[in-house]
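What follows is chain A paired twice: with chain B in the first complex and chain C in the second.
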Partner chain A sequence: MIGLLFGALCLVFALDLALGSVRIPLGDIISVLFGNGAGKESWEQIVMAYRLPRALTAMLGGAGLSVAGLQMQTLFRNPLAGPFVLGINAGASLGVAAAVLAAGGLAGAGLISGLSVFGSLGAVVSATLGSALVFGMIMLVSRRVESNMTLLILGLMFGHTAGAAVSVLLHFSAAEQIRVYVAWTFGSFAGVGWSQLQVLAPAVLAGLAAAFLLVKPLNALLLGEAYARSMGLTVRRARLAVLAGTSLLAGAITAFCGPIAFLGVAVPHLCRGLLDTSDHRLLVPAVTLAGGVLALTADLVAQLPGSQAVLPLNAVTSLIGAPVIIWVILQRANLRSTFAS
Partner chain B sequence: MSKPILQTEDLSIGYRRPRAAPFTVARGITASLGAGECVCLVGPNGAGKSTLLKTLAGMLRPLGGRVLSGGEPLHGLRPLELARRLSVVLTDRVQAGALSAYALVALGRYPYTGWTGRLTAHDDEHVRRALSAVGAEELAPRSVLELSDGERQKVMIARALAQDPEVMILDEPTAYLDLPRRVEVLGLLRNLAHRKSRAILLSTHDLDLALRTADRIWVLARGGRLSCGVPEDMVLGGVFETAFESEGVLFDRETGSFQVSGEATATVAVTGEGAVWRWTVRGLERAGLRAVTGDEAASAMFQVEVAPVENSVDWQLTRDGDVVSGRGVEALLIELQQVRWAVPASGSHSSP
Partner chain C sequence: MRLHWAGLIRAGLIGWPLILLLLLALVPGCSAGDPGTDAPAPAESSALDPTQGAELGAARTELRHAGMFTVTYHPFGKEVAVQVPWRPPGDPLHFLLIPRGAPVPAGFAGHRVVEVPVRSVVALSTTYLAHMESLGLLDTLVGLANFNHVCSPAVRQIIDQGRLAEVGENQTVNVELLIELDPELVLGYGIGVAEDDNHPALFEAGLDVVLTTEFLEPTPLARAEWIKFIALFFDREAEAEVLFSRMEQRYLELQGLARDAGSRPTVLLNADFQGVWYLPGGRSYMATLLHDAGASYIWDDDTTSTTAAYDAESVFERGARADFWLNPGQARSLDELLSLDRRYNFFDAVHHCKVYNCTARLGPGGGNDIWETGVANPHLVLADLVRIFHPGLLPDHELIWYHQLNCPEQN
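Moving on, here comes the complex of A and B:
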């Protein structure tokens, strides 16, 4: 199954490079990737400057969000948990909303222009600051709170508070500023170029590596905190590590790509359904690959190959993802038994 | 008693509360648990059995006194070290997700495996031995989601065993099980204690079963007094009467079980023997009549003679010279119900 997922990942990665408003033959793609140039010079330009960084971002983003979601679902023993359950995205949204509003009057156009809000320095910095703020609060609270359920509720409250602050900010914004903000909430992998990838890629890879290192504690947490503790796990330390890794993934990806919904909640369920296991030694690699596959597929569809139009990424992830997940869940019918508690 | 593995010294247990004085459940507990011993902790609801078990398992800090494991303070041990000495099975029905029974038991090797949790051949042997010790080898490949309550409990016990501890603490391991499964699980635990010379402490509401199975009984009375001893001494010492003292329930020292009390209104002399005699008497007691023997029999209101017949009982009921006979306990109870109402009764039960 892991091999299959890897194959699928390679396939959609290649397709994502090949298809778009201009169709480029696979042979030329491969030759570009190995530095041999392509049939047309513009193709090389398109692949290297736009499609390759976008595809890499999609792969990293999908993998990162999905693994973050898996960890949250296990930590909180809750099927609805996802990477944003602790309000990381709300923090990022608050940062961006604040930046958009602040930028409105003066240096606005320089900081965030309506067209390239993604990956623009202002959006990244403000989203990072926003998610870091929420992350800091979570860390502070998690050292004092014993129960994971309490932490989950506090996270939701952080999210709602930040969301409320965003509403207030938007209320006092001009229509144009709101449009910029709303465009950011649609999510996109396209705004990340090579220079941004130099920040995003290490952050995501570090978050993924942390998840791989945490498979044993995550497996112990399957039995619940009390059992995990009785088996020798220092629950607070493990929780801190899981939260830090998850926040890094969710925060970094949201900063660069916007709040990408759905993947983080859905992919772990998809993999549990496909592999019929809750063992993280299998799930973490599977979720990493499947997250990449789904994000690339969504990106591919969002580009509407053969046309000039681009769909909002968030709409696509939900539109193509939801039916797949629903099918898997109904097929296996083990979601309830996996999580009923 | 063999050498103590787990000891308490003047232990106070209870809960710490934010911005309030700690809530003490029991204090002055001094007890010890020896290798190869299966001990049942019993007591009325709310006496603090779970609190005591959690404190002994290191999951709750004591309010006072200390718990010693091999002479060292248990609550000072590093988590991994504690996990190698002591394992638990908790009351809650565990929801582990989609894992095979083998994988679940393998989690018990947590304190011994490396960072990936990969099992060595040695770990694998421990897991298999634990599964076979609870008679669950054939469950190994099955998903825990599909197991029955009894099977799942066995697997959880195997998991605790795979942790290779000196002490196993189980909080109501028989709670969700039917009677045959309870007998099986308790017998299994006693065998584990004896054969593998581990100390096993479990709480249960099954007093009858505990009295028959446990090497020693700990009785935690409401108010927090803990008494320890072998079952028979505890019964004869009247410990259960005081510990479970409450209205409407009586502990019968003769049978070692609880009876729903209600004033027995009429006396019945029952003659016969074997199973039919025992179950007829049980039926009469359940219906609020008192079965008498010996000297009292002569003055009893009714005389019942019972004899076994294929899978039932034939009885003959005599009152003031009238004789009725029939088959089955239910028919006897109905008959008695009717004649009792006809009697100018000695008790308050004789309405309409």
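Moving on, here comes the complex of A and C:
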């Protein structure tokens, strides 16, 4: 099954490179990838500067969010948990909303003034600050709070508080500034170029590596904190590591790609269904691959290959993802066995 | 009204692209930036004297370009119909303008009635200010939506004197303040999006609101012709006709000049936002301006007048070889532009330092004067563009709203 997922990942990655609004012959794409140039100079630049970083971002983003979601579901033993359950994305949103408003305040009128002042670079910086703020609070609180359930509720409360602050900010901002914010919430893998990937890729790879190293503690946590402790696990340290890894993944990806919904909650369920297991030694690699596959597929559809138009990524992830997940879950009702407590 | 933002954001995942596009369509590409210096009125526009050499009197408005409103003269008054985006074509909003004190004629009970000439006005958009200023009507102004957006020194002066009320814009409009101001006319606009529009609340409050849709006019002359719309409410049709005819004449002269220029450089607009370019259609206001200035917009073959979202690579494929690049977001230098996205390096216009932005004139609050004075003076905006694309044709014209992004090599 893992092999199959890997094959699927390679296939959609290749498709994501091959298809786009500009029609480029397959031969030219392969030639560009091997450094031999293409029939047209612009094709070479499109493949190397646009499609390749975009496909890599989608792969990393999908894998990162899905693994973060898996870790949260396990840590909180809650099938509804996702990478954003701790309020990381709300923190990022708050950062972006505040930046848009501040930029708009500077810029005044002009319907898309905020958008331009702020640019995609501004989004990254402010989203990073926002998610780092929430992350810091979670870390601080997690040192004092023993129960994971309490932590989960606190995370939700952080999220709601940040969301409320966003609402207040938006309420007092002009329509054009709100639009900038809304455009950011659509999510996109396309805003990331090579220079941004130099930051995003190490962060995601570090987060993924942490998840692979944590498979044993995760398996133990699945059986409950008391059991994990009896297995000789330092629950507190494991929890801290899981939280740090998840926050890194969710924060970095949200900062660069916007709050991408759905994947993080859904992919772990998809993999549990496909593999019929809750063993993290299998789940972590499977979720990594499946997350990449789904994100690349969503990106592919969002680009509407052959047309010049684009769809909001967030709409696509949910539209194509939800039916798949529903089908898998209905096929194999193993949720209960995983999350029974 | 108060809780809708949360829903808006959630709905944003699917419902908002259309709204976003519609709104972005209203004002193409250019934008405001850092608070700049005082923006004096453009040299040529102030030279227009409405009373000079014209026969004033019972002139009747005739429209040559504007398509979003019509005027019908009746013995008892003027009937104005404004086409609004949320009603089907041919089903406009009707306003009846009758002389002060006159009775509302039979058969017009359903119309919104305004008594003219109007003596006090609240303007909810800065686009009316330039028209009011050139018609000499600024002393009727009692309120504005947001002082920050204002560029006109004359209007800023009245603001500084404390003679205007700031009533708020869109959903933050202060209806109570408006009711207390009790203006005889509120000039507003609506786009048919419940989250943004405030006119239903204003209508409900019994205010005399008239909606304008000049932003939907796809050509610069049509937008500027709305000076005649404003004039209707003050019985100043004759002055408006004189002012507009001069602008029109100069615009058409420049258009002819550019048409015979021989070359038509290609032009790219706007900038990348997270992999998406929001570009005006090939029949939009901005595209018409470029065409009239003797340039070829890279999306010329498009037949829409609205803004659409385009994938970055398709814009790159079409735009990388464009001769000029206009309105690249907020950037004020090429260095700044490249710091936003290194891939801009691949664009020819960047290499040849032919990138221009329309952010030369920003008001003290950051408002961009091109959307205030510029829209009302299309001949001057056109002159800016002709100067950029065909410098030889207008050697003496100094750019008003546009400026060239300085090249790193030239520093």
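Here is the rule we go by: the second predicted complex is superposed on the first by the 325 of 341 C-alpha atoms of A that agree within 3 Å, B and C clash if a C-alpha of one lies under 4 Å from a C-alpha of the other, contacts with A are read in each partner's own complex, and residues count from 1 in each chain.
In this section, a contact is a pair of C-beta atoms (placed from the backbone, for glycine too) under 8 Å apart; a residue touches a chain by one contact, two chains touch by 3 or more.
If you're wondering where the values come from, they're calculated on a predicted model, not measured in any experiment.
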Combined model on chain A where chain B meets chain C, clash or fit: fit
Partner chain(s) touched by A:21 [first = chain B, second = chain C, both, neither]: second
Contacts of A:191 with chain B and chain C, given as first, second, both or neither: second
Partner chain in contact with A:49 - chain B first, chain C second, else both or neither: second
Per-residue contact with chain A, leading partner among chain C and chain B: C
Which superposed partner A:318 touches (first chain B, second chain C, both, neither): second
First, second, both or neither for A:274, with chain B first and chain C second: neither
Included angle at chain A between vectors to chain C and chain B, based on C-alpha centres and rounded to the nearest 10 degrees: 140
Superposed arrangement (fit on chain A Cα atoms) - minimum chain B/chain C Cα distance in Å: 32
Chain B residues within the chain A interface of the complex: 57-59, 79-84, 86-88, 90, 92, 94-99, 103-104, 107-108, 110-111, 113, 115-118, 143, 145, 163
List of chain A residues in touch with chain B within their complex: 77, 213, 215-216, 219-220, 222-224, 226-227, 229-234, 272, 276-279, 281, 334, 337-341
Residue ranges of chain C in contact with chain A within the complex: 2, 5-6, 8-9, 12-14, 16-17, 19-20, 23-24, 26-27, 29-35, 126, 146, 148-149, 169-172, 195-196, 271-276, 278, 308-314, 316-317, 320-321, 329-331, 339-343, 346, 362-363, 365-368, 371
Residue numbers on chain A that touch chain C, as the complex places them: 20-22, 42, 45-46, 49-51, 54, 106-113, 115-121, 123, 163, 166-167, 170-172, 174-176, 178-179, 182-186, 188-191, 193-195, 258, 261, 303-304, 308-312, 314-315, 318
